[in-house]
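Next up, some structures in structure tokens.
Presented sequentially are two complexes of chain A, the first with chain B as partner and the second with chain C.
On to the complex of A and B.
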């Protein structure tokens, strides 16, 4: 009950009309940042951070966290419309979101994505409100072995359920791992695969690769298939929103699962990107419509968005209570806290009640405001699809190029993006899956360093992955997920050839 | 407490008036010919967003903007590739470009040695040192020892599974150099576990996944206040001056130096500014003056105190002399530890 009283106090802090103005400004900016690929939430918040020095810390965090909410919402927009993920955690949204847009269901997909985001965030903020101290302690149990276990679980829950031949999945994934290894090796401090080139020092940024693989690759494909958007005939009106909402309650089990996955990944802190992939993989496995995933299934849009937003929101918890940022944006906000003269850590909740509860209250209001802002713009965004392709394609390409450049302020990244575009095109033509490549590129680095940290700690004994119940159960679960398709195939075969044939 | 800070921040404007009033007196007589930036100045951070150097750069950007210290905008750009090599090479390659400055951390010395990427401070023009960052030896509050003596005894006694694990930021950078220096002084062995950031390291130490860390004060202070970590000694040549109590009535000033505790190691990290090669004297002087003004603001002093920095600031020949000495020290430490790329 103490939490409730504090929360009401927090809403009191928000009563200052200027804070509400900052919130709407932040959300609108955030949506814009989320829409522009490359200019991610972390960059956006970092750029605007110095502007907030003259504000009170409460107003500053409200505005900056609103940018973060806006970016979380906005990342879905370009994923669905153009197959260009605006943010890393929206990659999984493209898998079904873009096919839906091609079928003329852009409005449904956008509504589903936004609503899923909102549900995820709401679940996470309830968790923050009532269970913050308990959950904060949980995050401390995560050492290198536990982190690796989480990444392994992400890989395993995603692999082993694709329609593509396993050899192709593995080939794509290995390419992703190889690309992720370019640049400095954090464990030994040595340069790897840079071949003496200065430009390769920074490695291959995941965002640049994704903009190329998805965005540019998609444009190349569309050009080949005749210069037109397939979603052109979409009928768009506000009733789409209500119609989509009517479908959502029946996915309650999946929503709950995604929200839990998201919160868990945000707190531990695995982050929003693995959360969205893991949630998509689980939904594909457990949903009745799992076979249709990838062809434009509403569920395939809602689930990763719910998990991503739940993770993004709950990532603030370890930041506030322990000073560990759960996401790159949280890392920048953390820097902001220090600059405003606040010390994140276990005492923040005690010493800075106004600040903490003002922030938590702003998560509630910010997400409601965000949902209103993005939903009212659904028809506008969906209408973009009616612009002739020959007009919009060059604009998209320019936005992609600007985005790729912004990630590291590097001109060469534009060329890298174009090369990835060709790779993306070839992958689609040869029917290689892009997702494992992207997943390996995003998480390969982190998975590798936590594995090697664990090996350093254990002096090379793999037994560290079963050294306590927490890590042991995650690793075992991951391995079960990996071999599950094999097991189910064998079981099906034992049950007679008829079911096996049906499963093909 | 935040309202008090807001008040201090607001008072900044008044303090600025004083600073600007003093500025003409400080400026030398040739000031009429003084150079000023004619376009946006890029402020390169050779590290990622959210880290110590990035925080300081954005703090400076905010102070400059708020107090109108520059006629042109100052824009922070992160170039973190190759442990900062990307940023330093950019500045090295921008010959005579006065619209670019870079904030340095120890990777100015460690990255070329560890990776073999060719750059040194001599390839750039030194502007001024802003401060030095401290390193403190931290252990979990539950550790059975309270001082360096007890720590070293336990370190030497440990072996096998019990071998002490030192968590640190990055590989073959300042944290690992200090670890290697402790090993060289004592003959004991650590397992060094590299993490991505200082916040991660502090959390891993609280969670008991590593035995010790050499976190900067600002990275671990909140865990100290919460009673999760305890400081054993500071790697400076003198005790810190900050006497305000932090935890259990103890202040930064109460932490003994490692040297007086029997662990004769000194290490401080540079937070300084450099600019591209062949900058003219006028151009360097402009930035030296600018940073003098920045350091005089109450916001900066508040920041120094929060992070328990060593506020030594140098420019001109003293700064170059410091850089020469620091480069030699790093070379010596890293060669002894076997960290130099072949």
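On to the complex of A and C.
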């Protein structure tokens, strides 16, 4: 019940009308970002982050997290109306969403997607409300070895759960760690990998990397696909909304399943994208109408959206309690916390109660506000999408350049952003995942210092990672995750091709 | 791998650039070179155990080592695989479209250093809309002037965040 009291306190923080204004501004910007190609949750928040330096941390996080919710909602609009996923996690939404729009049921598909998103997020924020204080209290006892073990688990999960080849996941991740190490070593003050360059002293800022990888890289990919926006028009009226809502309760089991899948994938850094696919696959398997999936089934729209939004929201749980973000966007928000002078992690719940509970309360309100905004403004955003790419693309690139510059007021960062854009394009094409790179870049310094502290404590013996049951089990679990691709490959070979064929 | 080979298998002869396998190997080699660089520099600052604990290069050295091993695996897989991914990495026409964005953007970034971000952005938008979009001047000018102007108001006046400026802004008194 302590959580409830704190939550009510959090709503008190929101009573400031300016915070509500920031919330609506954030949601609207977020939907816009989610709709536009090349701008997504991660780089959208990264670009706007410098603008919030002058705000109070509470207002800033409310606005930025609202952008995130808005972007989660917005991705569905393009998927359904244009068959173009605005965000990677809404790819699964296109499977049934666009066929529905072609049948003239765009309004129902959109309502279903938005409502599914809302339910997923609501489930996840309930989880955060009641689980976060418990985890934070627990994590207060963590030493450097435990923290490193959790970092290790985070990174090994990428290897174990990613769809990409494990060697590529590891290479991308290590690139992130190596880039994070560039600059002054925080412990000894020595220069690392600067090669005599003054510009490299600063190191590589992950915000610049995110803007390049996700923004410029995405524009290049969009260009390659040669997109022509040919969309269906949408009209949402109250009758369609109510009619769709009336159908939703009968999917309760599927919704619950999707929300759980989403939360699991969000807390462990599987992310929203695999969560949406997994949820779509499960719904197809379990639904009575499974055969109709892909032809325009409402259930096929709701389920992936529920999971994606649950994952996106619950990614904040490990970020707030342990300082380990579950998604690239959560990583950018974490970067924001550091810039505002807040140290993410368990102490946040003790020292910055207003901030944490204000944020959690804003997730509740933000998603209600988001639902209202998207349901009422879909035609406007659909109209924005009809602006041709040759107008949108240069504007987005200009915004990316401005965003990269304002991170450190450094002109060279714009060039670095462009290089990261090319890297992002190559990585996407060659199946190197971007999320581990970004997370390694964000967490590199913290992971390294906890590793070195742990090593200092043990005088260089790795046995410290098995010195008590807690750290031992986390490390062991991490190693299992790491070798999981090998294990599953061996098991598949032992079972022969027969079962694999049956599973197809 | 299945998604990659799916869409790029049937390509016309003149669309051929390089295969996915070649690109895979090339990127793996770049990774290995980078890893070698990381390791050598970490070794330079000291990657061993000093009297007061791990040296500065200790952690990055192993990062480089793991990156090297992982990329070797990628390289070997790409080279010795029995079912190499010989699909086209990028069609020639696609590559042209990508370059149509990448090259102007590179010039734009260079231009920012010379004339400041506002003027460079205006030039960039004009070029893009005129060259790729084939828009009439009457439609180009409002966007090309409006976007930098909006940025100017938002950053220099509203949020007081200075952006890179060039001679034009100096002449106007900013």
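Simple rule for what comes next: the second predicted complex is superposed on the first by the 272 of 504 C-alpha atoms of A that agree within 3 Å, B and C clash if a C-alpha of one lies under 4 Å from a C-alpha of the other, contacts with A are read in each partner's own complex, and residues count from 1 in each chain.
Heads up, the rule we're going with is that contacts are C-beta pairs under 8 Å (C-beta built on N, C-alpha and C of every residue); 3 or more make two chains touch, one makes a residue touch a chain.
Given the structure is predicted, the values throughout are model-derived calculations rather than measurements.
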Partner chain(s) touched by A:409 [first = chain B, second = chain C, both, neither]: both
Touched partner set for A:143, first chain B, second chain C, both or neither: first
Which of chain B and chain C A:426 touches, first, second, both or neither: second
Partner chain in contact with A:50 - chain B first, chain C second, else both or neither: both
Contacts of A:448 with chain B and chain C, given as first, second, both or neither: second
First, second, both or neither for A:177, with chain B first and chain C second: second
Chain B versus chain C as contact partner of A:323, first or second or both or neither: first
First, second, both or neither for A:395, with chain B first and chain C second: second
Touching partner for A:191 - first (chain B), second (chain C), both, neither: both
Residues on chain A lying within both footprints (that of chain B and that of chain C): 50-51, 54, 185, 187-188, 190-191, 409, 456
Residues of chain A touching chain C in the complex: 50-51, 54, 165, 167-168, 170-171, 174-175, 177-178, 181, 185, 187-188, 190-193, 195, 216, 219-220, 223-226, 388, 390-391, 393-395, 397-398, 401-402, 405-406, 409, 411, 414-415, 418, 421-422, 425-426, 429-432, 448, 451-452, 455-456, 460
Touching residues (chain side chain B, partner chain A) in the complex: 1-3, 5-6, 9, 48-51, 54-55, 58-59, 61-63, 65-66, 76-83, 85-86, 89, 114-117, 161, 163, 165, 170-173, 176, 191-197, 199-200, 202-204, 206-207, 209-210, 218-219, 221-223, 225-226, 228, 299, 302-303, 306-307, 339, 341
Of all residues in chain C, those that touch chain A in their complex: 1, 4, 20, 23-24, 27-28, 31, 34-35, 37-38, 41-42, 45-46, 49, 53-60, 63-64, 66-67, 70-71, 73-74, 77, 89-90, 94-95, 97-98, 100-102, 105-106, 108-109, 112-113, 117, 121, 124-125, 127-129, 132-133, 135, 143, 147-148, 151, 155, 159-164
Interface residues, chain A side, partner chain B - complex: 42-43, 46, 49-51, 53-54, 56-58, 139-144, 183-191, 194, 198, 201-203, 318, 322-325, 328, 331-332, 334-335, 338-348, 351-352, 354-355, 408-409, 449, 453, 456-457, 459
